[in-house]
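Structures given as structure tokens follow.
The following pair of complexes shares a single chain, chain A, combined with chain B in the former and chain C in the latter.
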Partner chain A sequence: MRSLVRPAQYAALAFYVLFLGFPLLWLISASVKSSGELNSLTVSLLPQEWHWENYAQALARQGLVRSAWNSVFVALVSTALVVLIALPASYVLARLKGRVRTAGVGWILVSQVFPVILVILPLFLVLRTIGLTDSLVGLTLVHTTYTLPFALWMLQGYVSGIPVDLEEAGAMDGADRLTVLRLIILPLLAPGVVATAMFSFVSSWNEFFFALVLLQSPENYTLPITLKMFIGGEGKVALGPLAAGSVLAAIPSIVFFSIMQKKLTGGLMAGAVKG
Partner chain B sequence: MTAPSSPRGTAPPRPARGAPPRPGGTARARRREAAALVMPSLLPILVLSVAPLVMGIALAFTDARLVRRPDYEFVGVDNFVRLLDNSYFWESFRIGMVWAVSVTLLQLVAAMGLALLLDAGLRFQGLTRVLALIPWAMPPVVVAIMWQMIYSPNAGPLNAALGALGLPDDVNWLADFSTALPAVVVVGVWVGMPQTTVTLLAGLQQIPPELHEAAAMDGAGAWRRFTGVTLPGLRPIVASITSLNFIWNFNSFSLVYVLTEGGPGGRTMLPMLFTYLEAFKNRNIGYAAAMGMVLVIVVVLLLAFYLRSQFRDDREGKVG
Partner chain C sequence: MQTRFVSVAAGLSATALLLTACGSGEGDGGPVTLEFQSLSDQPAAIEATESIVAAWNEANPDTQVEIVPAGWDGIYDKLITQFNGGAAPDIIHYEAAGVVPFAVDGYLADLSDHMSEAARGDIPPGVLDSVTVDGRVIAYPTEMQSYVVFANRGMLEDAGVDVPTGETMAWEDLREIALAATTPDAHGLGWGLSSPTAVFMAMAPAFGGSYFEGSGPDAALAIGEGEMALPELVDAMAHEDRSILPVTLTQSGTEALPSFYAGDVAMTVQGSFQAANIAADAPEDLDWVVLPPLEGPAGPWQAANPQTLSVNIDSEHVEESAAFIEFFTSTDNLAALNEADSLIPATTSAREVMGSSLEGENGWDAVLASGEYLESSPYLFVDAYAQWKDTVATPAYQRFLAQEIDADGLAAELENGWEEITR
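Presenting the complex of A and B:
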């Protein structure tokens, strides 16, 4: 009986690995297959021939490259904004007690279950009135706002990890508050800032719903929207390039999650991120 | 996007006053300073998320249409009365419940299994942990493209594998009326598993090993230890991750929108897709806002009911 437990556990583990990992493996394999092979009835994970030109073809598409740049712009600017405005607020959130903190943390939790479908309708009207629909600036502001709560949550976790004694020691030495924050707190927060920035970048890079509603002209599309339009159109015949474009679109997030892997498994949710 | 849950357990030791004493620093000056630091975050949240939420609620009581020169008036509860008779909406609502409940439950069971395996001291754990995070990292659009290829009727690996086993290999998973919703549910489980697994794993590692040892000494088998020690210990975490998963799944849009656009024949028309189409294809945003409000209210009520029952059980458990 006992001797059967371990093999059964490994079999189950293998099943999970297959279920979780196979789809990505298949996508990568499809990204180097010829369209003939992709439509043929002999199905195999390993491509018969390696067609790297799918990637060149995907990149040669005007729309794909332009929308990748749009995505980079929106993600970079919203990340910079998120970090800049979340840093001071997260410090307050972590250090102050009482109602401010309760309200702040409460809002962060509510924002996780926010009914975007109810918000998007008036948001669309508001942004249209000020000419920010079908605009990358408008989308950047929206991404900033909707990434902010979780970024605040992450950062305040890092701030709480810095002992208050350090600030007091600085104050004892006669440094004023701003100097203490700049010279003592900020350097210690660096890992937290990096993690928060990466999180913001990936959230914006992957985001689909707001971009779908707010952007109308193809030259403003972000990468997810262009990929979606590609599926409906030429993607049906050009499966290889579609897969190649999808692999490229997934790279930033996969890099982020590999770097953050230890911290994520340590329980981003069960506690806060540890510095 | 991802989510937090309970606040940090281990706060660093700090003096009773919570902040360093400062010569000449008054409480009011500190408050002003705090307000100045918080304001840059507060402003966009107020303008781009709180205000629209309030406006969205107001919109539900108007006949607003999405046209260039909007001219709408207050119509009271007309939208909600109309909604009562809209059988398409309620059918979509039913599909949304089936989707959210089944994805949430399957996620929990699958993630629990994986978390237990990852906590069992097996080899290849590092590798599995990395793999287990892949679905979390992928953009929803890419996930949808990937699974469309897996489910592809002719050249897809799923049908090929079924064919190799001598099973029917010509199912058009995403286009067949009977298989579309289950096929989409599987993708939903795949996407949501990592976060649930990570959360449950963190919970498992907080259960003191002595409890398991003591139970084993008393002759409890693996299953008895699971139901007697592990499950009660995980109870609060399971309750919170299930609630969050349920809301996320019920609110989910992108994945199914790209996979099936609600088809075939509306079989995967989640309520968020239905509302989106009413607002941006039929251009009835007042009516769509009413739908959105009904969805939010129902979810909040269901959740309150679920959490209350969990809470009551907890208290009874302590008495008994």
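Presenting the complex of A and C:
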């Protein structure tokens, strides 16, 4: 009986991976199909004929590469800013006691109840006043501030999970607070930082509405805006080029995740403090 | 989606001083530059638009037009923010149903005095009405679509049906042909009605249905025989005759096309622009044809919701913008644009030019003929229409087509829902 458990686990895992990966497989399949095949009742994962020209059309038609660079810039910079700001702030939120902490946490929660449609007009006016509409810098700032509250909330949970005893032990060995933070807290917080960075990156990478309203010039468009332009009025969709563009658009995100996921290790603190 | 308004404002305040130097500067008295926010999405239409703008720029060195491409998705939100933020482009591409509310709210320039008599006379009165608000022309109509019937000639002939060729075709004829073409292996008709309100609203004029009386906030909804005729006809064809392929009622028009290509249905009702897609995607051996415009008791009329070009009322160059639009909508330009977009020109002369150049290719003669029967519809001028359509009408029609409610129940839901949202 026990010998069946491991194969069953692998089978379940394989099924789960297939389940998660199937939409991507289907997207790749659609990206090399002709318009006629995509509009046929015959459904097949493997294309009848391979139409690589969808990729050429996607790359040529809508400035996809330029938009990808814009998205990479906005997502990476906003992610870096979010982590830089959230890291010390979350430590303070997690360790501080009293009214300041309560007010800080309340501030974060209250800031999340406003629907985007309510925010967009005053935000547009503020950005216009300071000359940051139609600007990647402006969009980066918006993405940073948009993601920051949840990132703070997320990271302070990780900080709270690190026993204060570890900091006190470091202090007893003669380390000052900065040394404790650098040598004890930061390494233990690495998985939390990685998770927060991934969350920030994805939030910015996929964000559509702020980019739609704030960006005017095609040279500033990010990927979600450019990909949406494959979908026209009257229900017209260039499905093959759209799928090809979506596959290409997913590559930077996949690269980022494949690099970051290696850092997502847990259990570092197991046994650090005696129960 | 949740947002973090307070944090956004705080973050921006903190960085505002550092970044104010990034603003853009103003012009210095050189040639006037007009921003033209274009929604053209098809490669050929983008090319046609660029070609028209290039011709204008070459002929008008003092008034240059710059295309700002945008997508249809989310364009209303983008425009409303641009208008309120004082950043809207000079020339705005959209559709009549979208620009009328902007005109009512005072965001669009009155183009009545800028539109030449020749241009005005070239636009059918019913189409011009669709862009006229309180007596002011607030946009030039450019491209339109109608709903037409695409038919598989071979399947109709196999069913012993003479393919209609007259100037119009009665709705009852469509019902009879669909029934005749229904076999154990195929249905007579496929009709993508996942968004039924737009279709029923557009085709109701043939039955004398107008839905609304009055305009703006004072509009009243009236559901009578004219409004119920088409939903009841579809219901009868789907559930009594069983001549409509049921699954297509839950699909979009585009999603229903594969059934037409596969020979599962002999005919399909589609937006006229699908002629180009069918020409490109249908199997080579599919002999298809566009049937004459559908005619009801009140005529072959359909509601027009043309694509439009308007001018921002806050533009410093309303006159120049109107002059550009006049050029953009000249006969040859409009014919070229519509041919590229597979749509119907909003002017009579452009329709004639397009008819001559296409010579009936891909059913274009029938498609262009259907354009003669497009007229304005009251729903374009009703404030709460969009809300009623999304929250009341579409769910009610879907429930009716799924036989969850009967015709009386449908009428009651439509009227009660209207009363609730306008109370």
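The rule we apply is simple: the second predicted complex is superposed on the first by the 193 of 275 C-alpha atoms of A that agree within 3 Å, B and C clash if a C-alpha of one lies under 4 Å from a C-alpha of the other, contacts with A are read in each partner's own complex, and residues count from 1 in each chain.
One rule holds in what follows: a contact is a pair of C-beta atoms (placed from the backbone, for glycine too) under 8 Å apart; a residue touches a chain by one contact, two chains touch by 3 or more.
No experiment lies behind these values; they were computed from the predicted model shown.
With both structures placed on the common chain, the touch criterion links A:256 to chain B but leaves chain C unconnected. Of the two partner chains placed by superposition, chain B and chain C are both touched by A:148. In the superposed model, A:231 makes contact with both chain B and chain C. If you count the residues of chain A touched by chain B and by chain C, you find the higher number for B. Touch criterion met: A:30 reaches chain B, while chain C stays clear of it. When both complexes are overlaid on chain A, the residue A:123 reaches chain B and chain C alike. Of the two partner chains placed around the shared chain by superposition, neither chain B nor chain C is touched by A:3. In the superposed pair of complexes, A:19 makes contact with chain B only, with no contact to chain C.
When the two structures are aligned on the shared chain, A:92 is found in touch with chain B, with no touch to chain C. Overlaid on A, the two complexes show chain B and chain C touching the same residues of chain A, namely 39-41, 107-108, 111-126, 141-142, 144-146, 148-150, 208-209, 212-213, 228, 231.
For chain C in complex with chain A, the touching residues are 1-12, 15-16, 19-24, 39, 41-43, 68-74, 77-78, 81-82, 84-87, 95, 145, 252-254, 257-259, 261-262, 264, 271, 273, 277, 280-283, 307, 343. By the touch criterion stated above, chain B contacts chain A in their complex at residues 1-15, 18-22, 33-34, 36-38, 40-42, 44-45, 47-49, 51-53, 55-57, 59, 66, 70, 110, 113-114, 117, 120, 122, 124, 127-150, 154-157, 159-160, 190, 193-195, 198-199, 201-203, 206, 222, 237, 241, 244, 247-248, 251, 253-254, 257-258, 272, 275-276, 279-280, 285, 288-289, 292-293, 295-296. Residues 5-6, 9-10, 12-13, 16-17, 19-24, 26-27, 30, 38-41, 43, 45, 84-86, 88-89, 91-93, 95-97, 100, 104-105, 107-109, 111-126, 141-142, 144-150, 152-154, 157, 160-165, 167-168, 171, 177, 199, 202-203, 205-206, 208-209, 212-213, 223-224, 227-228, 231, 239, 242-243, 246-247, 249-250, 253-254, 256-258, 261, 264-272 of chain A are the ones touching chain B in the complex.
Across the complex, chain A meets chain C through its residues 35-36, 39-41, 57, 61, 107-108, 110-128, 130-135, 137-138, 141-142, 144-146, 148-150, 208-209, 212-213, 216-218, 225, 228-238.
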